[in-house]
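Chain IDs A, B, C and D follow the sequence of writing; residue 1 opens each chain.
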Amino acid sequence: MNSLNVGLIGTGYIGKSHALGFRNARALFPHVPDLKLACVCDLDSALAESLRADFDFYRATTDWRDIISDKSIDLVSIATPNALHREMAVAAIDAGKHVYCEKPMGVSLDEAHMMAQKAEQSSVSTLLAYNYLRSPAFAHVQKLVRSGKIGRLYFFRGVCEEEYMADPAAPFSWRCSRNMAGTGALGDLGAHLLCLMISIMGSPKELVAELSTVIPSRRTGGSAETSHEVENDDVAHAMLKFDDGATASFTTSRVSWGRKNKLAFDIYGEKGSIHFDQERMNEILLFEKDAEEENNGYRTILTGAFHPPYGRFIPSAGHQIGFNDLKTIEIAMFAESIAEQKPLFPTFGDGIIIEKCIAAMVASAARRSWEPI
Amino acid sequence: MNSLNVGLIGTGYIGKSHALGFRNARALFPHVPDLKLACVCDLDSALAESLRADFDFYRATTDWRDIISDKSIDLVSIATPNALHREMAVAAIDAGKHVYCEKPMGVSLDEAHMMAQKAEQSSVSTLLAYNYLRSPAFAHVQKLVRSGKIGRLYFFRGVCEEEYMADPAAPFSWRCSRNMAGTGALGDLGAHLLCLMISIMGSPKELVAELSTVIPSRRTGGSAETSHEVENDDVAHAMLKFDDGATASFTTSRVSWGRKNKLAFDIYGEKGSIHFDQERMNEILLFEKDAEEENNGYRTILTGAFHPPYGRFIPSAGHQIGFNDLKTIEIAMFAESIAEQKPLFPTFGDGIIIEKCIAAMVASAARRSWEPI
Amino acid sequence: MNSLNVGLIGTGYIGKSHALGFRNARALFPHVPDLKLACVCDLDSALAESLRADFDFYRATTDWRDIISDKSIDLVSIATPNALHREMAVAAIDAGKHVYCEKPMGVSLDEAHMMAQKAEQSSVSTLLAYNYLRSPAFAHVQKLVRSGKIGRLYFFRGVCEEEYMADPAAPFSWRCSRNMAGTGALGDLGAHLLCLMISIMGSPKELVAELSTVIPSRRTGGSAETSHEVENDDVAHAMLKFDDGATASFTTSRVSWGRKNKLAFDIYGEKGSIHFDQERMNEILLFEKDAEEENNGYRTILTGAFHPPYGRFIPSAGHQIGFNDLKTIEIAMFAESIAEQKPLFPTFGDGIIIEKCIAAMVASAARRSWEPI
Amino acid sequence: MNSLNVGLIGTGYIGKSHALGFRNARALFPHVPDLKLACVCDLDSALAESLRADFDFYRATTDWRDIISDKSIDLVSIATPNALHREMAVAAIDAGKHVYCEKPMGVSLDEAHMMAQKAEQSSVSTLLAYNYLRSPAFAHVQKLVRSGKIGRLYFFRGVCEEEYMADPAAPFSWRCSRNMAGTGALGDLGAHLLCLMISIMGSPKELVAELSTVIPSRRTGGSAETSHEVENDDVAHAMLKFDDGATASFTTSRVSWGRKNKLAFDIYGEKGSIHFDQERMNEILLFEKDAEEENNGYRTILTGAFHPPYGRFIPSAGHQIGFNDLKTIEIAMFAESIAEQKPLFPTFGDGIIIEKCIAAMVASAARRSWEPI
């Protein structure tokens, strides 16, 4: 397989980031199939045409079913609001196309199961867009843990916090609607933290959670003094247990003033610990118990060529890669996995565990109980 | 009241820190009663005599009841293992002496209630030694919150972590025994975090917790290959709810490699947020939502004369005070509260709320349920 | 002008970064001319062909004069060792092509003057590749200074340090040769710091410098035990004066263990100060004298949409851009400047001031004297 | 020798810090002579009496010659403005008393020489109060360097900056007067940096410097609109050379907004580097070149019991000591050196090298030349 024709649905900022990744993946990762920008779709024809022109897509459309029915298209990229994921993904799989879909999977666990089932019954490749998995820093954290550098794991403590809804004056948006978004901070931000946590700790076996909506209603925009109830979580806390006795603490919030992309965690083990913070995505802090106690301390490791695939972008450590580079890595890895017919974590099937955790958190908060996963 | 005669029980590191505080309080806080080092006690006569000589105590003893029966002594300072607090404190109150007692109150909620009841029935002053409350930085955090600087509070997220038991090879100690210490990390470290949290957020109304002992047994020292079951928590996570809808996430651990005194928290509110970390005890991070969005960001405030009582120690900001200075502040404040007959938070009565939270955490972990406070 | 055909000379890491920038500039900055990858050149035909294939250049060549003589090419990009800059740039200008050239200009001030003179006599656009100028963070620093946010400037203190030659076992390379590289750390790293400093402070009027070669000879590689004298500076310090009485301190080094890209500076003024460090290129530290002294402190500003052109890459603050994005910005700005026929700082003419400073530093160190610029 | 009677001249903040150190030295360092607070002096009798009462000095006086003539006093502590150091120190030595004197030595190199000569001709012990030398963190830096941990030294880069005169509205004070203070930032702040630098690098052999007064005149206080010329440096930069080819860059400033106690340096060597910043006085950053390149990075070492004499104050790392603790260490070390009749660096004789550097900086700036030391 030398090339894949790509159809992209959605032209918001994450859609643009997809387009950039498709554009650059093969230049930086020459061993992967070429990705041809075949068609871009947006309900708004001006937006569709604009992204088409900027990124040299072959054509634009306002009807996503156009992409599904276009036999030349091999891969569909879904960068739309959560409520649309399921229908589009299922249609794409039915049409025999590979699917790259933004997280979370849908607005409910049922939707996620439908998507996973459909994917399993087909021969196409699927990937959920958990781009923070792809950072050279996080890949190194995984390597450190798997190689036993910090020994048996004691516990994980993580947060994913942003400030985009911290202002009580921020208007109601689709993200506040249960129908449109499903959960709030949980699905939008917490899903990223869950994905990283599970990649390190394995699947949790049970959890207890607490959800709160700290701003119960928000203005609906415009000049009128109307407001709408916020239907999902602004903040969620959870505690989790794993099979081997390790535990985790989890917080996600969209109302954390000052936090722009605080996807940060600590992992503690028998022989050391690791700290990571996406707001300083090119740094890893590693503490190792070692003999020289007077010089013990966290090392601030700046990512570089020793942390693949950083070197694909620039050979010099400390020069830094950025957010869009993570998308490029993700897309290159997906293209490679399609070519090699080897699934890449997290497929739609893999993603179920994340969705189950989210659903269990919602249930736990409602029932005030520990919930099995 | 111009002076108070002090009897100190315990000569370990915290006892020494008490001695230093008693020695310096009035020099730095000239308005408080003079504190005379009357008697120091340790079961080990050499240790007692050594601290006596170093700090010019009037006399030393190996029998703590000597201090209780010494009519000249006005104030008893208790710096012994947790299991001894109750008996000593009760005896001192019965003898009409003011009591300054290390946290936690005892090894059970029952013990704490006995102490509080006894204190309430008497006219003496009592204070629990939660010295981190006294830092100029924390005092400023309280002032910021109370003045409404960050508005209505959304949530609190805090940790208190050290590494002193992180090594599986660290031997069994009295801190691992339920009889001697009560809880593990919870009482030793978590109590500090609870105290700070309650000072900011008020009393929680309910909580759910999870306790784990990640190193189930430890060697009992010596050359023999004997070991003892660890009887209390290495790690505790909890989630808490407050009356006004605010929530909290809480983690404490004595097995966190790399953490020396990680008593750190974030507070998020309607108009801003605050971060504090005792490992950088002379710094406060403050984020304020303000008009100039392009220059938004956390301010790193270095404590100085604007943050009383820092100026008592040195007028220049950024020159820093240390741990022992916190004890000096605490002791000066207690001496002042005795002189003015105004209770200082947390008295034995106030301390009950902290002990209730700890007991509720233990119960919650056992019952796997939310527990009211 | 709708498009420009680009010829790139050099396929090393910086050449690849150029290629990526040319590839992406117009997708992210749709108002600039389209940049067509016409031809790539490397002496090594395999390298040339490889970059051609990866980035879809129209053709590859091993003879850079091929690019000069290709009438379809509008813009020549020079990413070769310093000793080749002059000849290539002059030939390109003579052929009527716009020139984008890596810094420093050449291996001597004479070479720089030749290049500037040639550029001035022509009507083509020229730009020196000082990409750190282009970061949204640095652009914001410039805006803060120019808007008077920190008032009249007192002094500037800056460093540009890396570790690539810190190991005495690192072999001799072209960068250690006076003929091939001119100066050492000065031209390779210090030039970047000079460019940023001059952008903020204006042109210095005089300076005094000190150069040292801390590893006087290095092995010449291979298994043989041969070595070669290092002919230029490992470390350079300088002090500079400006017309308005402000001063600067300057250090550059290629032997600073632990420093990967430590291009960092402090600017102090009447009303505040600014700190920036390229190793955390998405952060700016700003201190403002203001009324509320108890909350004074450096603000850590995370770059975002308020700091153009960050928003071209991603709208969310704290998500971060990377090194290659700086090249994309630079190339887009150059393309725009060509289209609008407005010079972009630093043209070859502008670059002379940087080269003069470097030459004055070399002279000052030799003569042990202050040198005028 | 079991005890020393102390006379303290000066009750400003540094005098108070002396008093606290004298009060606590022996409690924390039981092997040193007891230090008895015999007499405190201030021109202002209320201030003298106040410090006497607070710290239990035996008596107070307004005439410093009272202390000199008091035969019972063994040690004189000088904490007065610079212009008074020489006369007081010489008189004390003449009276056979040990002298502990604040830095800098006086207002000129001549004064320093007089003091050193007088000390050399006597049998008393002298010590200059460079308290930052005494921090456990700095002691560890010295140990690391001396043990060869970072190998042969390449260069040193240091700053000592505060903001106390940054505001153009800050009034003229004795520190701005050449007669009263000698130099400005140089003697007040730069002397500290010189002392640390020399302790690490040895004596410099030559230097070149640049001094600037960025606020040429300041109001003289009161309501009247009068002002006075500032007679010494607000900012000083220097470059230094050492015998072994190593170099240093040096900046000191009293006009650096945001800097409270920025006494910070980097030391680079063949095998690693060290960063230290007094604003985080309980932390040391160490970079070591080592085999595991993927985990290379600066370690943040939190001081603890492994860094003597930290353990005298508290055994637990990360709990932190403060500024006044440095004075206590210094005084304990001086008391020990008196008892053991072993000189402690920097004696008055040792201090000459610092004063020579300052004088050479002033001369270099005036002559615009390199000056030998």
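General observations
Assume a residue touches a chain if its C-beta (ideal position, glycine included) is under 8 Å from a C-beta of that chain, and two chains touch if they have at least 3 such contacts.
Only a predicted model underlies this, so the values are computations on that prediction, with no experimental measurement involved.
Using mean Cα coordinates as chain centres, the one most removed from chain C is B. The chain pair B-C and the chain pair B-D differ in C-beta contact count, and the higher one is B-D.
Centre-to-centre spacing of chain B and chain C amounts to 54 Å, using the average Cα coordinate of each chain.
Rounded to whole angstrom units, the spacing between the C-alpha centres of chain C and chain D is 41. Taking the mean of the C-alpha atoms as each chain's centre, chain B and chain D sit 35 Å apart. The set of chain C residues touching two or more other chains comprises 259, 296-298, 302.
Residue ranges on chain B touching chain A, taken from their complex, read 150, 154-155, 157, 159, 166-168, 208-210, 212, 214, 234-235, 237-239, 241, 245-249, 251, 253, 255-259, 266, 268-273, 287-289, 296-298, 368-370.
Put simply, chain B touches chain C in their complex at residues 140, 144, 284, 286, 293-302, 306-307.
Interface of chain C with chain A (complex): residues 13, 17, 19-20, 23-24, 26-28, 30, 50, 53-56, 162, 164, 259-262, 279-281, 302, 304, 313-325.
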